[in-house]
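Shared between the two complexes below is chain A, which pairs with chain B and chain C, respectively.
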Partner chain A sequence: MIKLLIRYFNLMVITIFALIVLSFLLPYLFPGDLLTNVSGIVPQSELQREALAKAYRLDQSYFSQFQLYLSNLFSGNWGVSSVSQLDLLEEIKRAFPATLELVIYALLVATFVGIPVGFISGLKHHNPADFSVVTFSIVGYSFPVFWLALLFITIFCLQLQWLPISGRVDLLYEVQHQTGFVIIDIWLSGLDNTKDAYLNALRHAILPTLSIAVVTTALFIRFTRRSTMDVMEKGYIIAAKSRGFTQRQIFFKHGFKNALIPILPILALQISTLITNAMIVENIFSWPGIGYWLIQAIYQQDYPAIRAGMLVVALFVLTLTITIEFITRALDPTKEETARAAV
Partner chain B sequence: MNLPKLKINISCLKALFTQKTFYTSLTSKNLICLILSLIAMGTLSGCKPVQKITHNAITYCSESSPAFFNPQLDTSSTTADASAHQIYDRLLEFNPENGKIEPGLASSWLVSNDGLIYTFQLRRNVKFHKTDYFTPNRNFNADDVIFSINRWRLPSHPFHNVNGGSYPYFASLNLSETIKEVKRINGYRIEISLFKPDSSFLANLATDFSVILSAEYADYLLEKGQPSKLDVQPIGTGPYKFVYYQQNQYIRYERHAEYFLPIKGSEHLIFDITTKSSLRMAKLITGECDAVAFPSQNDLAVIADREDLTLLEKPGLNIGFWAFNTSKAPFNNPKVRRALSLAVDKTSILDAIYLGQAIRAKNIVPSASWAYQTNTKELGYNPVRARELLDEAGVPYNFTMDIWAMPVQRAYNPNAAKMAELIQQYLKDVGITANIVSYDWAIFRENLTAGMHDSVLIGWNADNGDPDNFYRPLLTCDAIPSGTNRAMWCNRDYDKIIIQALSTDNFEQRKALYHQANTLLFQEMPIMPIAHAYQYQAVRSNIQGLDINSFGGIRFDDVVKTP
Partner chain C sequence: MQRFSLYQEEFHPSPLANVWIEFKRSHLAVFGLIILGLFLLVTILAPIISPYDPYMQNTNTILLPPVWEPNGSISHFFGTDALGRDVLSRLLYGIRVTFGSSLIIVGIAVFIGVGFGALAGLLSGIKSSVVNHLFDSIMSIPTLLIAIVVVAILGTGLANAIFAITLALVPQFIHQTRSFVKSELTKDYVTLDKLDGAGPVRIFFKSILPNMVELIVVQATIALSIAMIDISALGFLSLGAQTPSIELGQILSESLDSAYVTPWLVALPGIFILLMVLSVNMVGEGLRSALRNRFNH
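Entry: the complex of A and B
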């Protein structure tokens, strides 16, 4: 167990280190003035240029610069955006929770729709209902996320005018940024019309959530269905059947848990796909998350922001993936590393 | 979602869960019904039509983030829209209907016979904004006027170098060299004396840029050691006070309860910063925006057709042009500039880019201005002659140049990128390869001011009705460092004519001088005038009181929303 922990810990540390080195190298690879790429400040005078170069140790060796980068990184001094001159760490703290929020919504939808439908479909496989579920899941899985989002906008926002297009909550509600999660922020803002604000936030969340939840739901359905089919053919199920248990008893006592165990980690790993999709969809719905923020930074050639944003997203996905892998392995040490549920 | 279907869903769900054997009873019908129900639940909560909580708020979807909340520091119309008429007032105002100068914070004024001394009587009991970050202790008085003017006028002023220290509008007109002194006579009377008469001086005091700041707030910030906040957390006397700004996202204002004029405007005002014009249009349709900036030309027909939207239209005091960087070879040669102008067919640009929503520009002032010259000469489309001129100037075949296309839409140039592509094709015909270059708006203008371009598609929106507002900031030598002279063109003869035109109040004399300038511009061709566009604004039909302001930034003081 401890050996396993150390192994995963090592893996994580080494990968993180590689990521940090890569992010350190980025400003040297970006086009433009190195000093601006590193500091985010366009020097207005030679004096300032010299002072900045000194502060960022550009006159010293790369190793010394890397040392400084590391210590800045860990002390929370991430520099400023070259376009807005705002503190990058603060900006990321503002944007990242919004992405997480969207991911959580989508994960909830995928879990509460995908898993039950997958079970039902798996139990009654190869009948017309199952075929239609499978068809839906293939279509859903193959849908380009951004196109689906645009389709939703055309139908629900522009044609039917049911739902708003952009943002997390109407700007008329004075929701102050505190935690970055709009649900909590509405509560903390103490508005007179909290209920309206929640309804409004819900209306804003529906389309972005659905846009990214469709792919994940389709995946969840397929994993669950396959796993249920496998489990229900196992010997102990047949044995239980022969003892005269009802189908219902068999499924809830034996089938349910056994079908879920192999797929849960795989489902958890979908979070990183969700984040990627969320970052795409954010741009379409102007959802003020990290994806929206990064794209703006890319448009504006804001290299310090691109560097910091890339690092944060990569670190998050990495940490998440390794942690889930570790928990899976720790819970089920017999499992071979290569064992995966089939789609 | 229609009701009958929902009922079916509910009844089939009931049937589903009352079955004794759960999954064995699952038929395909039941399963489909379950999925339908889940989808229905997902969309049900969105079935109510879009509703606004309050009708006492206006949401304006603007096109970009302002650089500052002080138009003294920036000539971009985004900055002017966000601050000039919301947060601030000026000594004088333009009447939006006829462009005549009217009292603002100055209730009356007097000009001496020699045109050198201007005396202003200031309004009493004008209150500055009271906000979370500052509580004013006194009313507006002469000190505020002196502070506001001296800030940009005197390099020694403690606030002169705060936030960049560049005042492009005033610098382009060389106003700090025109004003001799700003003197306080008493608390509510001020005297401004000039070195030389300037017939556009009053008009300049009424532009968006001549805002009056609070001297008391400035002192307070200086004491706190945060002078840069003056232009970021603004305090003014205007109809709206600043509440909050999140870059690239939104600006929130609240009505100034103690504004010195009675206004009808709503309690809250929100600028929802939406850079994509298609998204602004979409948000206007869904009702997320009450009004939008710069509707795209393609959407105009849609807006005019819809009952819930209104299209406002006005001939604009503007000019879209193609400026050649005359500080660079070969564009320093008038022959090359004339050749490039000859190579491009303006008619097709007017059709394809402005979709006929503009008037062909012959020189730089539009026909709405009194200085417009009807018999002006214009270069036509003649690629053969263009190539001849290029050969004469020694520009080889396959010469490569850059066309910078402004990244934002303006009435005077609704789609610079597309226009650049068109021009690219025309230039190909005369053996010139053109690259199209674009950056983010702030960086774009910074690089332009630095003179990094070969040529640029850009334009100018007038800040006042005086023709000097076109001739001087666009093409005089003083306007190069301030970044409004995009052609980097400096011609002493031209400057002489323009300055001469300012020294007289006689319209006919000024007109003759401006016609002289037109002839010079026709020969030198530092910019190729393209079009004077109509200005458009799209609003929802329940919005009243929003007019297109030909003389600068948008104003919301009388805008109301009916339920």
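Entry: the complex of A and C
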């Protein structure tokens, strides 16, 4: 156990270090002025240029620049955006929770719809209901998310006019930015019409959530169904059946847990796909998340922003993946002990 | 005289023929294969079968509705876009680029992935460990993020999008190949090869690779569908194919300007992307269940 912990801790430290080195190298690879790429400031005079170059140690060795980068990174001094001159850390603190919020909603939908449906269709496989579920699942994960989002907009916003097209909550409600999660922010803001504000936020969240949840739900159904079918053919299930247990008892005693264990890590790894999809869909719904922010940064060639955003998202995904791997390895003793730690 | 037959059938299909027999039993999968074949034909024959030059602008017929609308004309089957270009021709060329570049991406990813994976599987110790860690960490980073970084460094364009998506797809092939090679190395037939004096290169190409082809084909269908969605998503976000070149996602984002007046221009490219990905997934699914059930007769 301790060995495992050390191994995964090592893996985590090495990957994070590799990412930080990569993000340190990015400004040298980006086109344009190195000084602007590093600092986010366009020098107005030769004097300022020299002062900035000195401040960012561009006249010294790469190693010393890296040292400065590391200390800046850990002290929260992430530089400014070259377009808006706003502090990058503050901007990311604003944008990233919005993406996470969307991902969490979609994950909830996928978990509470996908897994039960997958169980049911896996238990009663090869009947008409199961076939329709399988068909939905194949079509579901073949959908390009951006087109699905456009379809939803066309149907529910333009034709039926049921739901709002863009944003997170109407400007009518003065929600202060505090944590970045709109649900918590509304609660902290202490508005008079909290209930209306919640309803409004919910109406804004429905379409983006659905657009990215469809694909993930379809995948969840598929994995759960397959795993349930495999488990229900195992010897111990047949043995339990021959002892006269009902289908219900067998499933909840034996089938449920054993079907879930092998797929939990696969399901958890879908978060990476979910973040990608959320980042695409944000652009369509003008959801002020990290994807929208990064794509805007690309359009405006805001290289300091790209560097910081990339580092944060990649760090988040990697840390999450390694933690999930570690937990599943620690919980599942059937996995071979000598297997190497892997992301 | 009737011969005494010990077996139910005299003819023993090869493993590959078994897969085909099992694959044929699923009508959906065969249907998917036919659609996939059609897309492949379009990819190859797009310049011959498209009725118009996809770049030719005809200002006399702007935003002509498709043929099933009352105002539609048979001369432009899917109508024309805001610049009077024939939508059918543009879609055919778009399919060519999206499908073709996805095939290229998966081809390169398989080639590199299997190469490095075999290397990582056959080697052991620190070299193997470095290769593994390096590529495993890329695997969990979202594709879009890799694409954003690549586009930021190299600029937008189809070639750069292809490069970014290949970079994102290679690790899973490395991962699969490595774990397959590792598990095969412990099996008896490989030990036998070793006793005969075969080196690691010969063991991989003569013994392990033939067993691995199916695994790679299945993995490649998954990768193909991912590549299609990603390349059109990048085109849609205008990070991939740029305006002079024609790509389904890029056609979609261009037609957003006139989405209120001509919703079919938004619908059509999306339907083709969906059909393309769906056919690949149906074939992949059929192949997977065929491989699983082929000896269950």
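Here is the rule we go by: the second predicted complex is superposed on the first by the 334 of 343 C-alpha atoms of A that agree within 3 Å, B and C clash if a C-alpha of one lies under 4 Å from a C-alpha of the other, contacts with A are read in each partner's own complex, and residues count from 1 in each chain.
Note that contacts are C-beta pairs under 8 Å (C-beta built on N, C-alpha and C of every residue); 3 or more make two chains touch, one makes a residue touch a chain.
This structure is a prediction, so every number in the text was calculated from the model and none was measured.
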For this session: Scan A:L318 for contacts with chain B and chain C and give back first, second, both or neither.
Result: second
Exercise. Touch check for A:S121: first (chain B), second (chain C), both, or neither?
Worked result: first
Exercise. First (chain B), second (chain C), both or neither: which does A:T15 touch?
Worked result: second
Exercise. Between chain B (first) and chain C (second), which, if any, makes contact with A:P144: first, second, both or neither?
Worked result: second
Exercise. Touching A:S75, do we find chain B (first), chain C (second), both, or neither?
Worked result: neither
Exercise. Residue overlap on chain A between the chain B contact set and the chain C contact set?
Worked result: 158, 301
Problem set entry | Interfacial residue positions of chain A with respect to chain C in the complex | 11, 14-15, 18-19, 26, 29-31, 138-139, 141-147, 150-151, 154, 158, 269, 272-273, 275-276, 279-280, 283, 291, 294-295, 298, 301, 303, 306, 310, 313-314, 317-318, 321, 340, 342-343
For this session: Please give the residue numbers of chain A that touch chain B in the complex, ascending.
Result: 83-84, 86, 109, 113, 117, 119-121, 123-124, 127-130, 132-133, 136, 153, 156-158, 161-167, 170-174, 177, 193, 196, 199-200, 202-203, 206, 210, 246-248, 251, 286, 288, 296, 299-301
Exercise. Which of the residues in chain C come into contact with chain A in the complex?
Worked result: 129, 132-134, 136-137, 139-145, 148-149, 151-153, 155, 175, 225, 229, 232-233, 236-237, 239, 249, 252, 256, 259-260, 263, 266, 269-270, 273-274, 277-278, 280-282, 285
For this session: Please give the residue numbers of chain B that touch chain A in the complex, ascending.
Result: 21-24, 26-32, 34-35, 38, 42-43, 45-50, 52-54, 57, 59, 246-250, 252, 268, 270, 272, 274, 279, 282-283, 285-288, 439-440, 442-443
